[in-house]
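Two complexes follow with chain A in common, the first pairing it with chain B and the second with chain C.
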Partner chain A sequence: MVEGQIPIEEYKTGNTKHKWDNKKMKSSHKILTKYTYKKGEIQKGYTNRTLHINLTTNEVKEKKITEDMKKKFTGGRGFGLKLLWDSIKPTTRWNSEENELIITTGPLCGTTQYPGSGKSLCLTVSPSTNIICDSNVGGFFGPYLKFAGFDAVEIQGKAKKDVILLIDGEEGKITIETAPNEETNSHILADQLTYMYASEDNERSRQKISVVSAGKGADHSFWGCLNFSFWDIRRKTARLKQAGRGGLGTVLRDKKIKAIVAKVEKISGVSNNPADPVKLARVGTKIHKEIRDLDRYQCNMRAVGTSHLVEIMDAYDLLPTENYRFGCFPKASKIYSPHFYELFTKVIPDGCWHGCTMACAKTVDGFTVKTGPYKGQRVTVDGPEYETVGCGSNMSLWDPLWILEFNFYCDTYGLDTISTGTGIAFYMEMYEYGILNKKRCGGLELCFGNSEAVMELLHRIANGDKGDFIKTAAKGIRRVKDWMIKKGWGDKQLIEDTGMESKGLEYSEYVTKESLAMQGGYGLTLKGPQHDEAWLIFMDMVNNAIPTFKDKAEALHYFPMWRTWFGLNGLCKLPWNDIEPANNAETDEPAKVPEHVQSYVEYQNAVTGWNVDKEEIILQSERCYNWQRAMNVWMGRGRRKDDWIPYRSMGPVTEMEYNSRKERYDKQLIEKLGLSEKQVENMSVSEKMKTLYDYRQNQYQKLADAVYYRRGWTPNGVPTPQKMKQLGMDDSKILEMLQQKINEDKKAGFNVWGGKYSKGEKPPSNDPHYWEKW
Partner chain B sequence: MDKPTTVKILKFNQEKCNGCLECEKACSQIHFKTKEGKDKSAIKIIKKGNIYEMNVCDQRGLCIDMCPVGALTRRKNGVVLLDKNICIGCQACVGFCPINAMRKSDARIEPFKCISCGSCVKACPEQALELVEVKLDNIKQVVYHKQGV
Partner chain C sequence: MIEVNGKKVDWVENETVSQLLKRVRYIFPLVVVKINDKVILKKDFSTYSIPDNSKIAVIHMISGG
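And then the complex of A and B:
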């Protein structure tokens, strides 16, 4: 029986209890810098200042946010891009002195009335991609940073020894202090620091603390994530949400930051000082009611979070299995959401920020750890979410308890589950082909399904194992590809085609072979293959709603812009389309969920006091999206060649894959490529694969042509100064830089369409220099 | 501490009500120190044709598990109370109340609800309202948590 209405004091998780001497730990801190500031008041969602901390010089300063900056960059990720532009160089790399780790909020961040309003947007130059990576994350830190007085914090330089940064909104002070004795791994550290910095010894005081940290895994890999804590007054432990992608935790640890702690004096429903609180409460309550009435018939987020996707993806051949070779698997039903539902704690509120009634942040409480340093202890595991379960299937792990073990250690070690899972899945495939073997893997038998070996690999990474394999493996697929190719192990083409990374970042967990638009959704992106820019598989593959290149390009314009908007404001995307109004299917554009778009327009206006419409909010995104692409170009990585994706994401790399879906591929050779049945019958599998390979590669290039054109970029993928000016982005330095890069491309002959067009087909424009006439 | 087993909830004697709304005025006096009633009252009297209906919290407590900060608790007397000093105004309880009895007035961000104080009972000139004791086990409700419909 599931019990409810348990008083918070009486709620029990069954977790192992720890006792630490917090006073002793705190007394060993040496204060390096203390900076006091005037607390100030938030005005219509903005504090109108950012915080700059330099760890090399221990300097702390405040920067003003101008009206012009708000107009051009809106907030959140937009502010992060602007701050990075002002601070880094095109040659800046993840471990450069001047690289910054930035955590931003956004004007709507910290609102409690609208579900999904507590997101922080984190940015840095990524170790995986050498360009800017942005990652969004829940937890209390973003709202608390703002309530403590800052729209963003940028951290530059490196400390000499492990430090804690304290942003104390109660006293109005910032301190940088050494922290020699605290645990590094997040599930312990977040608890320790919450107890240490809470003003009083009670749950409500502890709820006013949020800790950002990364564990020992982040010390020794490029997969480091940031763990953002949110204190759970019922479970009485710090729960964790991750800014997973792109190695932000690696940068945190490279700067020798053990943790960033934010503390607030008070939280209220109007901490953001919204322009129209009455309107805000109305828009928010409307969506709460929708979730109450419809979630159970739609996604069941409140019961199982995003894990409900597992069975759907398996049914549509989209669940990555054995390194994306297959999209479904006979054993997959073992990890369908009902198995996790049995393990999840039920009834109590599970939002990662107050007021999120979507409540997808599920946990398993009292989970007994099977391996490693915490073996035998009982802990709260946050998750697993769909992506983490998908990592399980990708590595062929079909036991929910091993997926939880993987989830727990990835989190506490500060490793991104997605990159780690996708990476290991690739290593496993290489192991199967003998390109890697036990000897080359430092004694690990890394075959598909070997859960013990997976965990051993994680523990060795966290322990800083010096073996060649572990050191390289922890840097991700791109580096392992280069390593194996350099060693002369295996076929280069096979290695390049099967390792699921683009721009150096590992793919998230969807099979995209049959959806060209989604291949673009992963490849024609800013930071790399993460599904947060666009998720078009159903629209494209299942509903065939965007059949032409032009249709797909329109979707790859609108959806990345729309989804970028959440990051500018400090919002979560889930309450947009993981709950839909009952009549959504009858609207003109159900994929856009028009009623919810309108709610977001009203929401932004209610907080900021602006008077924007649905067109203007897309423009807000377009400004920042183009700016980020321009910065990629500036850093040498924003061209067509950088939007390359591995063939595994486009089609069958191996004969086994082809044969497993033979009927489908044979049919396509006839229907799409115009071969006769007889021709196909007489072709060998490798001939058929080669024909399909050429066709699909060309389809992708044609798609890139259409998308670049729609976005107002050159045929080589560079945002044009004309487009930037249209958007009101008139920074002369960036405009000159773009013009110079376009001129270089022209000289090199790159400003031409990339697709090969046969008779009757046309590129997006007859003039590949179309923008010059604007 | 012994847990409450019963709670007093409002009972509406429909046939006696004349729609004078003295109850709403008395209620808004308790919550907002004003006789305005309407959206400042936890009890609502709604005219349906020739008769009146009452909408008010029945202390089922589904909202308790919705509150992220523990501002909603069941007190010793069984009544579900919202502590507005703890409340962070998220409206989760308002949105999820299955009978729409958690109230929100434009006057402030924190919602409010019936606390079975009896002011409306006293204020009613027709004795249409009374507080009756019911067993908690018979009314308690837990928020929907199942997988599937």
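And then the complex of A and C:
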């Protein structure tokens, strides 16, 4: 036991207890399909097979993983992309019969000797973006899926009525069964199913169950997330981690899946069967020790999780407030991490998978719910993490208890906190301008800071409210923009500039106005504006370490590739750079944390028995990254126009924003645009804003030029067949498709650089068809 | 005058690294500080006085996200 930890028997959460007649509920299940399989062993991180379930036909089958597939796609998200490529069409949309929901693991997933090794990667065609969205998540399901015998599960088709899919690794069977009576909302459903499917009535048996679900919010919105459970034997409740982005939960519920349950026979430190357990133990021990010794002096993740970022973002003008208008706010100190630290339960190590010393998955126990169907009940709330607190500040909610309320209901309703919070923040700004009003919002007074209205909106979404506003609002910012523009409400440009979405996905919680590289980190991405590809704000805006377009493009090449690698392997990225070795400062490239990169190289080699180096692991990512972009192109997107970002993420949209940082912007007009002090003095605010607008838009286009070039793409953002071949991706269907799209772009005049270059400036290459000579 | 991450900042006599970080509101804990290309160890932040005309790099590690 860890020092200061309370023994299991003495720990009380104070949560409201529920009792269900599980036997009765289970007896109402009708088994639609039962499939038995040979259990088999994991070999060097792989089970070497995937599971395919078709809910329309109730067929279950196994697919073999070939060595070629491992070589090209590594695992995890890479396998997901390959499985989707083999199953969907370019016209497939989120609710098409053939769309799949895929949950994958990765060769390192399920390891307990190295922290952060229990992540699953989930993929589908997203309702928000109409392209593939991937999202990573903790909880026990991924490792259990693998221990039950499969590297991935792909689910196609749609059931007629609500079903549960059971992957039973204890008995070696898969069942599809109807589930008419269970609750839909996740915090209750996960508890019910854990009790229902545990082999015995004790905590250890319940710990061998993990449930994937999404609540009623996912039934009626495009913001549906997946909740992955893990049974917490101390709290005696199912905890929930979310695959938040892109509407994966919406697809789950569209397929009428109430839950996917994985059950394992046993969990052991060697379940992953590594090639070199001694080497694995050595690299693992080193990082465990580092976290234990240094975390308290660095990010303090073990005490407050990612919420420590709130005060930092506020101090650097990066914390989104009032729909990203500002990056700091006088009231923000009310939601700094010490306020959450007071609420967190402190005496239990909170990892979302066994062996994660980082233990950043904080919770608040015994939280009394203030509104909605669970009003008055006491519950355990997982989080809030930084992003969720950032949503609070974005909506101007400055009370930690309302942020917890928002967090709890988003989770149990299966709503992504990020999309929901960013979406509502935009609706609030529109409300402030009178573009939306009480009548147009179905009676809701959606002003900044109105926490009751926020909660009412969530409850109405979950209840399937049929009013125009709720129905549209639940589909996200892009649809609300289109709706308001179609109705002729408000100024089109203002609506487009302030609604923080790109590709149809809502932004996560960072203000990027002063970091061009981070604007690219949100815009020049595969799935949309999520910070998991690159987080370059400090490097760019604070350190001033990547001043040129070439430098920024290099960072926007390296970091997305490096971070993609975590998703190929089933890893969490936090133990890479939220902790650093004591001597990291003295290394050549401290931003990359070279010692940790080397540990990951050794880790992958120790599990798989390969002999890769740090260059090869970047290549592993590059193959999959380019493949995903190629699939975007195949689905009609993945071009420069699709990498568009709203101006609010580039600069001040309103005079109030400009005036709030007047000194900064005036200075830039002089220093960066070469205007004289006198000229700036004589300009009106709107003239200054227009000048800055044109400049910053062009900067972004030049950045896109540099990044596309660095990535080996055409000036319109299409991966070239030459690049794909260099990476060893020789699938003739994808190569032909890319060539055809490039020819079409050429005919339409799109294969030219997008930035306007003045005298003395140069595009990345004088020849915009540079790749043809490769 | 000193330069901090490329920006001109007034020099304050006897100011330590810790005091400078506080003054410029660099509160992020994972920073590497180099003064005229020499790494200053964290344990010396509260004792090392910054000479005038120094070029200081306060490298914020990525973290976040």
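Definition applied: the second predicted complex is superposed on the first by the 769 of 774 C-alpha atoms of A that agree within 3 Å, B and C clash if a C-alpha of one lies under 4 Å from a C-alpha of the other, contacts with A are read in each partner's own complex, and residues count from 1 in each chain.
As a convention for this text, contacts are C-beta pairs under 8 Å (C-beta built on N, C-alpha and C of every residue); 3 or more make two chains touch, one makes a residue touch a chain.
Quick caveat: nothing in here was measured; it's all calculated off a predicted structure.
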Are chain B and chain C a fit on chain A, or do they clash, once the structures share the same frame?
fit
Examine A:Tyr341 and indicate which partner it touches, taking first as chain B and second as chain C; both and neither are also allowed.
first
In the overlay, answer first, second, both or neither for which of chain B and chain C A:Tyr297 touches.
both
Quick one: angle from chain B through chain A to chain C, Cα centres, nearest 10°?
70
A:Glu177 in the overlay: touching chain B, chain C, both, or neither? Say first, second, both or neither.
neither
For A:Gln113, decide between first (touching chain B), second (touching chain C), both and neither.
first
Figure out whether A:Ile233 sits in contact with chain B (first) or chain C (second), or with both, or with neither.
first
Which of chain B and chain C A:Asp705 touches, first, second, both or neither
neither
Which partner chains sit in contact with A:Ala591 here, chain B, chain C, both or neither? Use first/second/both/neither.
second
Would you mind checking which one, chain B or chain C, touches more residues on chain A?
B
Minimal inter-chain CA distance - chain C and chain B, angstrom
10
Common interface residues of chain A - those touching chain B in one complex and chain C in the other
297, 300
Interfacial residue positions of chain B with respect to chain A in the complex:
61-62, 64-70, 73-74, 86-92, 94-96, 98, 104, 106, 109-110, 140, 142-149
Using the touch rule from the top, collect the residues of chain C that touch chain A in their complex.
5-7, 25-30, 32-33, 39, 41-42, 57-65
In the complex of these two chains, what residues of chain A are touching chain C?
297-300, 309, 311-312, 315-316, 386, 508, 510, 531-532, 535-539, 542-545, 547, 559, 573, 577-578, 580, 584-586, 590-591, 593
Contacting residues of chain A [partner chain B, same complex]
2-5, 7-8, 112-113, 203-204, 207, 233-234, 267-270, 277-278, 281, 284-289, 291-292, 296-297, 300, 302-304, 337-338, 341, 346-349, 351, 354-355, 357
